[in-house]
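Chain naming follows the written order as A, B, C and D, and within any one chain the residues start at number 1.
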Amino acid sequence: MYTQKVIDHFMNPRNKGKPREYDAVGKVGNPICGDVMYIYIKVNGNRIENIGWETMGCAAAISTSSMITELARGKTLEEAEKITKKDIADALDGLPPIKMHCSNLAADGLKKAIENYRKKVEK
Amino acid sequence: MYTQKVIDHFMNPRNKGKPREYDAVGKVGNPICGDVMYIYIKVNGNRIENIGWETMGCAAAISTSSMITELARGKTLEEAEKITKKDIADALDGLPPIKMHCSNLAADGLKKAIENYRKKVEK
Amino acid sequence: MIYMDHSATTPVDKRVLDFMLPYFGEKYGNASSLHSLGQEAKKAIEEARVKVAKVIHADPSEIYFTSGGTESNNFAIKGVSFADKDKGKHIITTKIEHDCVLNTCKWLEKRGFEVTYLDVDKHGLIDIGDLESSLREDTILVSITHANNEIGTVQDMEEIGKTVKESNAYLHTDAVQSVTKLPVDVKKMRLDMLSISSHKIFGPKGVGCLHIRKGVKLDPLAHGGGHEGGLRSGTENVSGIVGFGEAMKIGEEERPKAMPRLQKLRDKIMDNVLKIDNTWLNGHPQKRLPINANFSFKFIEGESLVLLLDAKGIEASTGSACSSKSLKPSHVLLAIGLKPEEAHGSLRLTLGKDNTEKDADYLLEVLPEVVSELRKMSPFKKDYGEFE
Amino acid sequence: MIYMDHSATTPVDKRVLDFMLPYFGEKYGNASSLHSLGQEAKKAIEEARVKVAKVIHADPSEIYFTSGGTESNNFAIKGVSFADKDKGKHIITTKIEHDCVLNTCKWLEKRGFEVTYLDVDKHGLIDIGDLESSLREDTILVSITHANNEIGTVQDMEEIGKTVKESNAYLHTDAVQSVTKLPVDVKKMRLDMLSISSHKIFGPKGVGCLHIRKGVKLDPLAHGGGHEGGLRSGTENVSGIVGFGEAMKIGEEERPKAMPRLQKLRDKIMDNVLKIDNTWLNGHPQKRLPINANFSFKFIEGESLVLLLDAKGIEASTGSACSSKSLKPSHVLLAIGLKPEEAHGSLRLTLGKDNTEKDADYLLEVLPEVVSELRKMSPFKKDYGEFE
């Protein structure tokens, strides 16, 4: 069902947990559907200096949470914003089609975090 | 499906064939149904001295043909007439229910032969 | 590997497999063939029929072999519906049936039948009064599972039988999970039909049966050459059927010893797992399959739990949406009143004869760790209210 | 024992059984389970699907595993009928179909469908013009067997495919007897559906498949947990499916060598048996399964013939009424114009890969003796006219 990469990120998730310091969080998903993801970012200048997450969900949800931290860390907000569901799935060597829709929330979570960060900065 | 006795009488049928001498024949069955039996009797006084048969049919038809020769030989016509389908089936340790109806024709054949014999004698 | 998913399927018992083996390459006759190879196959099938019938106190002529539980349930429900549509178009079942009952009923609803889905209480039991008041003049069938496959709750089939017998309806029970785990008696339960599946009782997959009481009229699901008294055509799966028969025999013979042992093991698991905070038992505390434990762990999702347990060598299952083809959480857990977010975090452990004390100990060591690990990752620690 | 009844069933090939064995007691997972045991089973099923698809030039996603040929045929015909009843209620089939097609059609007739049963000529071939003129606006399905199981006659499926494609109807073929004996190509034949049964091709009993072309809509026969893309629910018979897949693979690989050899053997049998007086061949002299010979012997009955051959160690079959559950002689033999009394005296010999030259020689020694023995017992020597 899952690729080796998915299993690896699920079994050994990177950067899990709420970071001690963060500037914004993006919350996506819905407990009723079984998948909820919080993406935390710490921004330095225009770059994502640190990123962490808390996820309740299936292996796809957890492994995509883990993967996005690897894809986004060190990127500018503009670069990070452009990460798509497909980028994450590709980086994991693919996800079961059914999981593409429902559990691949990390890109949305990151976008929301960036959005929230900008709102906060603008204020 | 068949008892040992049926198989024995089918594989080693007794008194098969049209006897060289006979007084009457009883023909029963129907080629369209797949079972036809000719029962030949030779009568001495009032007793069945010899009995033979020709049968086209399944193992039940052949084994009942064979069995009736054992049951009827030496019997008086009155006695022989009383042989029933059930007597033959019992003597064979039973027949599959379905075969009781369609292939157990020997008793009818014998009755018809006796009938024909009587008609001939009366003439 | 520690297999604790026996309600999903079981390994074929070594003795059962040995019993089956000659029927592949040697005694391979078609049971409809006249020749000795065919008759040998036929005899083997009839012997299996006797074994199966004995376990449920039925007559061998009342056993119709099928390809499994799903077919048996479809056959029972559609068979009666097709045959009895002029007598009435009302069917009663419950909200916690297996999908093969529910989806058959839903299909029939689209074809003009009316179906009442009985509620269950928080433990998964139906209310007999409810059943009684749902029975109508035109009710042709009541179909209620004996022991639920997810939460293990066992219905009082004798009471249900008594109630249904006072109506015109036939009574069918899905005994796929209960047979060889609990006593099953078609006479005491006053059943008209009963479904069994071989692969749940250490027999091979792809075979099962429907018991049909003499006199009950139903249309075949599989028309054809007239096998199984004309009610289930198709060349008989001889190796499967003889394996199923032997599995029934062994399962029932060993039940009196096996079940108390497994129940004790299950109770130990239950007592200890329930010590984990924010955890509860699903299903009835007493009226449940001796081999079944079903827990909900708040704040985590079941697929992850099952996969992490798998990585530690423990095989189990969950009612989480992610585990199902429909992407909906278990309808059974929802029917007993769980919120969807609670249903996602369920774990089903179902024991079998090979499970030992050591297995339970290992599980009890691993499971709390895994739950804790997942909870650490989860955004929820107290309740789901924090979510915006 | 000399087995010449391969159209009834076949032994499981040793290599197939070896392939299946791990899936009973070791790799026993339920293919729906999330854990590794379940995923291993799933993978095995998907591999089998690829093997099956390859033989008939289909896409693996078009293969739906079932419990055998009977279920596949019921599924195809009822499935389309239930799904398409608003599009039309007319079905076309032939008079020489297997009982599982005919009895399904008869059942549908009782439920408001109209069925045209095409005639066949004395060799068992349908007339394409006949098919063409039977096709109507409201014809939803044409179901025609590729190779007949009794007389071995092979229809021109490409021609049939071309004809049906000009209508709105789906085309289904029962390829239970032809696959691995003849080339079968769902694309060249323009098929919408095709049925296969494992136990006819040296695979295990109780498994088969329906090929369903992408885009074809039909209702499931077995509703439930959503297995097989929701079209055929029920826990997959993993050992059976992997055995079926392997049998397909082996059967097709060996076809180019096996069939010419068996055809030569069959021809030798045919040539010599036809030397017996009052004997003829049933089915087409050329357009027939390479493994099939079907004879009529006048004045004798088939069950007796089969049982006497059995006693001499030769296993064969007959179209006699006594051999059937319906007590009627073969509808196929009647459809090609035999009189009932002639149909009772038929013998079907169907060869398989284990049959040798020596087997044929032994048969040719024994069969004339047995026929002569039965004829000596028969009241008929010249014709049936003597009967009063």
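Here is the rule we go by: a residue touches a chain if its C-beta (ideal position, glycine included) is under 8 Å from a C-beta of that chain, and two chains touch if they have at least 3 such contacts.
The model shown is predicted, which means the values in this text are computed figures rather than measured ones.
Looking at chain B and chain C, the chains in contact with each of them are D.
Comparing mean CA positions across the assembly, the chain most remote from chain B is A. Centre-to-centre, using mean CA coordinates, chain A is 40 Å away from chain C. Note on chain placement: the centre of chain A and the centre of chain D lie 56 Å apart, centres being C-alpha means.
The distance from the centre of chain C to the centre of chain D, each centre being the mean of the chain's C-alpha atoms, comes to 34 Å. Chain centres here are Cα means. That of chain A falls 90 Å from that of chain B.
For chain A, the set of residues that touch two or more other chains is empty. Along chain D, residues 34, 303, 307 each make contact with two or more other chains.
Considering their complex, residues 299-301, 303-304, 307-308, 311, 320-322, 327, 329, 339-341, 344, 374, 376-380, 384, 387-388 of chain C touch chain A.
Interface residues of chain D, counted against chain C in their complex, comprise 1, 3, 5, 8-14, 17, 20, 24-26, 28-30, 32-38, 66-71, 73-74, 98-100, 103-104, 106-107, 197, 199, 204-207, 219-227, 230, 233-240, 303, 306-307, 309-310, 315-318, 323, 325-326. Residue ranges on chain B touching chain D, taken from their complex, read 10-11, 13, 16-17, 27, 30-38, 54-62, 98-99, 102-103.
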